[in-house]
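Mind looking over this structure? Questions follow.
Order of writing sets the chain letters: A, B and C. Residues in each chain are counted from 1.
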Amino acid sequence: MKKRKKGYISTLLYHTFIWIFGFFMLYPVLWLIGSSFKGDADIFQRAHHLIPTQWEFSNYIEGWKGFGGISFAVFFKNSFIVATLTTIGQVVSSAFVAYGFSRVRFKGKKILFGCMIITMLLPSQVLIIPQYIMFSKLGWINSFKPLIIPAFFGLPFFIFLMMQFIQGIPKELDESAKIDGCNHMGILLRIIIPLLVPALMTSAIFAFYWRWQDFFGPLLYLQTPGKYTVSLALRMFSDPAAVTNWGAMFAMSVLSLVPVIILFIAFQRYIVEGISTSGLKG
Amino acid sequence: MVFAKGLNKQRKRRNDYNNLAGYAFISPWLIGFILFTVIPIGASFALSFTRYDLVSPPKWVGLENYKTMFLHDERYMSALKATFSYVFVAVPLRLIFALFIAVLLVKDRKMVSAYRAAFYIPSLIGGSVAVAVMWRQLFGANGALNSILIELGIIDKGIGWIGNPHTAIWTLILLAAWQFGSPMLIFVAGLKQIPTSYYEAAYIDGANSWQRFIRITIPLLTPIIFFNFIMQTISGFMAFTESYLITGGGPFDKTLFYALYLFEKAFKFYDMGYGCAMAWVLLLIIGIFTALIFKSSNYWVYYESKGEW
Amino acid sequence: MKKWWGLLIIAILVMTMVLTACGQSQTTKDTTTGDQQKQDEPKQDESKDNAVGEKAELRVFWWGSQDRHDRTIKAIEMFEEKNPDVSIQYEFSGWDGYWEKMAALAAANQLPDVFQQDYQYLAQYAKKGLLEALDPYVERGILDLSDVDESSIVGGKVDGKLYGINLGSNAPCIVYDPDLFQQAGVPEPTPDWTWEDYMDTAKKIHEKLGIYADRVFPGGYFHGLKHYIRQHGQKLYSDDGTKLDYSDDKLFEEFFTMELELLKQGALPMPDERLEVKSVEDEFLVTKKAAMAAVHANQIVAMVKAANRPLKLALLPKHKDQVKEGTYVKPSQFFSVAATSKNKDKAVQFVNYFTNDIEANKVLMAERGVPISSKVREALMPLLNDAQKEMFNFMEVVVLNSSPIDPPDPPGHPEVDKLLKNLEEQMLYGQLTPAEAAIKFREEANKILAKSAQ
C-alpha cells in the first residue's frame, strides 16, 4: 500500500516539476508564437502578454508572400533540398569514416585523427574566403553545390560522435562476426550500424537542423533571390533602415521551426528503440 | 621455422588489409579534407602573416599581426576576457542542465517524447533573428523579466539587462544555458545505450537510485560526457551569432566574443590578415584546452571496448 | 576483400564527379521554378556574345527594405521594356550581410555591374580600383547630370573623380513632434537655432513633460561630433585619410560634455535603454517617450507612418560662433559601376535611367532620399504625401544652410566609428571623462587610420 502511494506522489512531483521548468524553458518560444499572431503595435507595447488582444492571421498570409514576387513556398523548397541532401551526405559518410577510425588499425591513424579534430577548431569565418575563391573558380557560385557537395565528405562533429558510440560497443561482437566470416564491411553493416542507430538518428537531426538554420553559407553562395533559403529570407525581413514587418517575420520564423520539430518527433522514436538492441550481455 | 614464416606472412597480409581498409573507410573525410580544408587552412595560415584587405594582393608583414594582437590591441584583450568568462560559466551550466534533464527524460514514462521535444525546441530556434529579437525583448528595459521582477517587488524600475555592462554577458550565458537541447539529446542517446540488465543486476544487489546513478550511469556515460564536454568547449570558444545579433559585442566590448571581433576585423574593417592571425591563435587556445581534456580522459573515461587506442 | 575495393571505386567516382563539375559549370545553373522573376538559363550562354548584338546582361545589387525591393524591381522591369537589348539579373538583401557579401565578391573579382554604395565604403572601393570612374560617361552624354546641382554630386567624388551617383539626397537632422513641443511650452526650432537653444529646449521638455528630449544627442556620436567640428572650420578626417584632422581636443570635450549634461538631467536615456530601439517603430519619438529623434531626413517618412501623427524636420543646431555651416547635403546611397564590368556603357545607361527617368522615379517615389534631378523633383511634388513634402522642403532649407560635404570617409572609418561608439558608451557610464576620451580617441583613431592607409 505504501509503495503505491509513493509511486503516485513521485509521478505527480515529476510531472509538476517538468511542467514548471518546461514553462520557463518554453516561455520565450510561446512569446514568439504569440507575437506571430499579434499586430505590430501589440508586439512591443504589450510585450509580456503572451496572448494577443486580437488574433491576427494576416501576419502569416503577408509573410508567406515573401519578397519581390517570390513566396516562401520557394524558400521552403530550397531549404528542404539543401538540408535533406546535406543530412544524407553527412550522416552516411560520417558513419563510414567513424568506423574506419574506431575499428580499423591502420598506419597514420593517430595523425589523421588529430587533423580531423583540428579542423573543428578553426573558426569558419577564416576558411570562408579561401573556400569562396575556390568555389568561385569551380563556377559553383550561385548554386547549391558549395552547400551540398562538401557534406558527402563527412563532418568531424558526427565522425567524432559516432566514434564515441562505436567505442561503447564491445569488441566481442566484432570477433563473433569475424568468426562467421565477415570482413570489415560486413561488421560495419551487420553489427555496428544497427547498434549505432541512436547516434545516426541524433546526427541526422543535427545535420538537418544546422543546415536548415545556416545563414552565412546561403548568404555567400546564393545570389539570385529565387534560390534563397528560409534562413536567408528571414534575415531580409528586418532591415534597420525601414519599417520592419515584425509580425510577418515572427510568423515565418514559427513556420520555419515546424519542419525541424516534425523531424525531431519522427526520429526521436529510433533513439528510444535503440534500447531494445542493447540487451547484449545477457 | 616454417610456421613462424607463415604466421608473419599472415600478419603482414592482415596489416595490409587493415591499412587499405582503414584508408578506404576514411576516404570520404580524407578527400574532403584535402580538397576543402587543407588548402583554405594553408591559405589562412599564410594570410595571417600578411595585410590583406580582400581586394589588393596580400602584403607580407611577418609577425606584425601577432605582435599587435598581444601588445597593442585593447579590444583583443576585451575579447579574450569576454570569451573566457563565457566559456567557463556557460559550458558547465549547459552540460549540467543537459544531463539533469536527460536523466529525467530517459525513462519511457507517459509523454516523455513530448517533453523531450519541448525541451529541445529552444535549441532549435538557435541563432535566428527571431531569437535575438525575442531575447532582447525579454531582457529589455520594458521587457517581461522586468515586469515580473517589478511585480514581485524586487526592483522598482526596469533595468536594461542587455545594454548594461555588468549584466550583458549574463544574458548571453543564460541564452547558452537555455539552449541545452543538443547535448541533452546526445546524453539521452548515450543513456539509452546502457543495458538495462546492468540496472536490474544492481537493483537485485540492493543498490538504490543514487548508487545506481553514480556506479553505473555515470561511468558508462563518460565517453558521452567526454564528447559533450569537448564539443561544448570548442563551440563555446567559437560563439558568434548570439553576440552578433543580440548585443553586437557591447556595451563597449563587454560581450565582444572572440569570433565576433574576428569577424569585424575581417569583414567590416577589411583586415583579413589580422583576422586569420586571430583565428590561428584561437585554434591554439582551443587546441590546448582540447588536448588537456583529452589527456585527462585517460583518468576518468571508461570505454566498454578497450583496445583500439 | 571485394567489398573494400568497392569502397575505393566509390571514392574515385566521387573525386571524378567533383572534378568534372568544373566542366559543366558554365552551361548549367540550378534552376528554380515558381515565381522567380528573372532566371536567365539560355541567356547565360549568350552573355559572352553580347558584342555581337545579343542581349547584354547586367547584374544589379542593392540593399534595403521590402518596400525598396518592390519598387526597384518594378523600375528595373520598366527599364528592360524600354531597352529590350538588356537583361538584368538583380539581387537584393538587407543591410545585414550586404558588405560581407560584397567583400567576398570583390575578392573573387565578381562584383556586380551596378551596385549600391554607401558613403562609408565609397572611398575604400574607389581607392582600391574596384569602381569605374564616371566622368568620361558624363562627358560622352551617357550620364546626364544637367539637371543636377553640384552639391548633390560632390559627395560621390573621390580624389576629384566621380565614382558614385547619389540616389537621393539626405542630411542628418532632427525630427520633432510639434504637438509635444507646444505642450511643453517650448518654441519650435528655427533654421538658426543654436546649441544653447537646443540644450534649453531639451531640458524644458524633460522638466515639463517628464519624457526624454531625444534618444541620442543631435547627430548621434559620430555625425554629431563631425558636425560640431565642421562648425569650427575644421575636419574630422584629414584629406588623405591617414589621421584625424582637427587639432583641438577641446571640441571633442565640449561636444560630449553637453551630452553628459543632458544625461545627468535625465533628458537623455542611458545606452542600455537606447538598445530598445531596433527600428523605426520603436523610436522614442514614435512611442512618445521623447519629443525629438536625431536621424536622417529620409527617415521621417517611415516615422510618420509609424507614429500616425504629423512630425516636422529641423536642422542640427548651429554654433553661435560658428565659422562654417556644419550641415551638409549627404548622399543617402549611391550606385556605382564595377571596374570589372563587361558592359560598362549599358551599366551607366541604367544608372542614368534611375537618375533621370520620370516614370521610374514615380515608382521609386524618393524612397532612397530626395532625387538629385530638379526635373524629377518637380514631377514628383504633386504626388507627395505630407511627410514626403516635408522632406523635400527640408532639403531645400538644407541646401541654403549647408557647406560642402567633407571628402568621403577614409578606409579606416568603420573601425574609427566603432572606437568612438565604445568611447561614448564609456563616457556615459562614467568610466571615462570627455577629456580622457578625447585623448584616447586621437591616439587610437590615428593608429587605425595610419594602418589602413598602407
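Criterion: a residue touches a chain if its C-beta (ideal position, glycine included) is under 8 Å from a C-beta of that chain, and two chains touch if they have at least 3 such contacts.
Source: prediction; values computed, not measured.
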- Overall pattern in which the protein chains touch one another (line/ring/star/complete/other): complete
- Task: Sort the other chains by how far their Cα centres are from that of chain B and give me the top one.
- Result: C
- Message: Averaging over Cα atoms per chain, report the distance between chain B and chain C in Å.
- Response: 37
- Starting from the mean Cα coordinates of chain A and chain B, work out the distance between those two points in Å. 15
- Going by residue number, chain B touches two or more other chains at 20-21, 24-25, 28, 31, 35, 54, 133, 140, 142, 267
- Message: Going by the contact rule already set, what residues in chain C reach two or more other chains?
- Response: 1, 4, 7, 14, 18, 100, 104, 107, 278
- Pull out every residue in chain A that's touching 2 or more other chains. 44, 96, 129, 152, 183-184, 215, 235, 237-238, 246
- For chain A, which residues count as touching chain B in their complex? 11, 14-15, 17-18, 21-22, 25-29, 31-32, 35, 44, 47-48, 93-94, 96-97, 99-107, 109, 112, 115-123, 125-127, 129-131, 134, 150, 152-154, 156-157, 159-161, 164-165, 167-171, 183-184, 188, 195, 198-199, 201-202, 205-206, 209, 213, 215, 231, 234-235, 237-238, 246, 249-250, 253, 256-257, 260-261, 264-265, 268-269, 271-272, 274-275, 278-282
- Note on the structure: Per the touch rule above, chain B residues touching chain A in the complex are 15, 18-26, 28-33, 35-37, 39-41, 43-44, 47, 54, 101, 104, 108-109, 111, 113, 115-122, 124-131, 133-135, 137-138, 140, 142-144, 147-148, 178, 182, 185-186, 188-190, 192-198, 220, 223-224, 226-227, 230-231, 234, 238, 240, 259, 262-263, 266-267, 272, 275-276, 279, 282-283, 286-287, 290, 303-305, 307-308
- Inside the complex, what are the residues of chain C that reach chain A? 1, 3-4, 6-7, 14, 18, 21-22, 25-26, 29-30, 32, 34-39, 63-70, 73, 89, 91-97, 100-101, 104, 107-108, 110, 278-282, 287, 299, 302, 305-306
- Message: Please output the residues of chain C touching chain B within their complex, sorted ascending.
- Response: 1, 4, 7-8, 11, 14-15, 18, 99-100, 103-104, 106-107, 124-125, 128-130, 270-276, 278, 411-412, 414-415, 418, 421-423, 425-426, 429, 431, 447, 451-452, 454
- Query: Which of the residues in chain A end up touching chain C in this complex?
  - Reply: 40, 44-45, 67-71, 73-74, 77-78, 96, 128-129, 132-133, 136, 138-145, 149, 152, 183-186, 215-216, 219-220, 223-227, 235-246
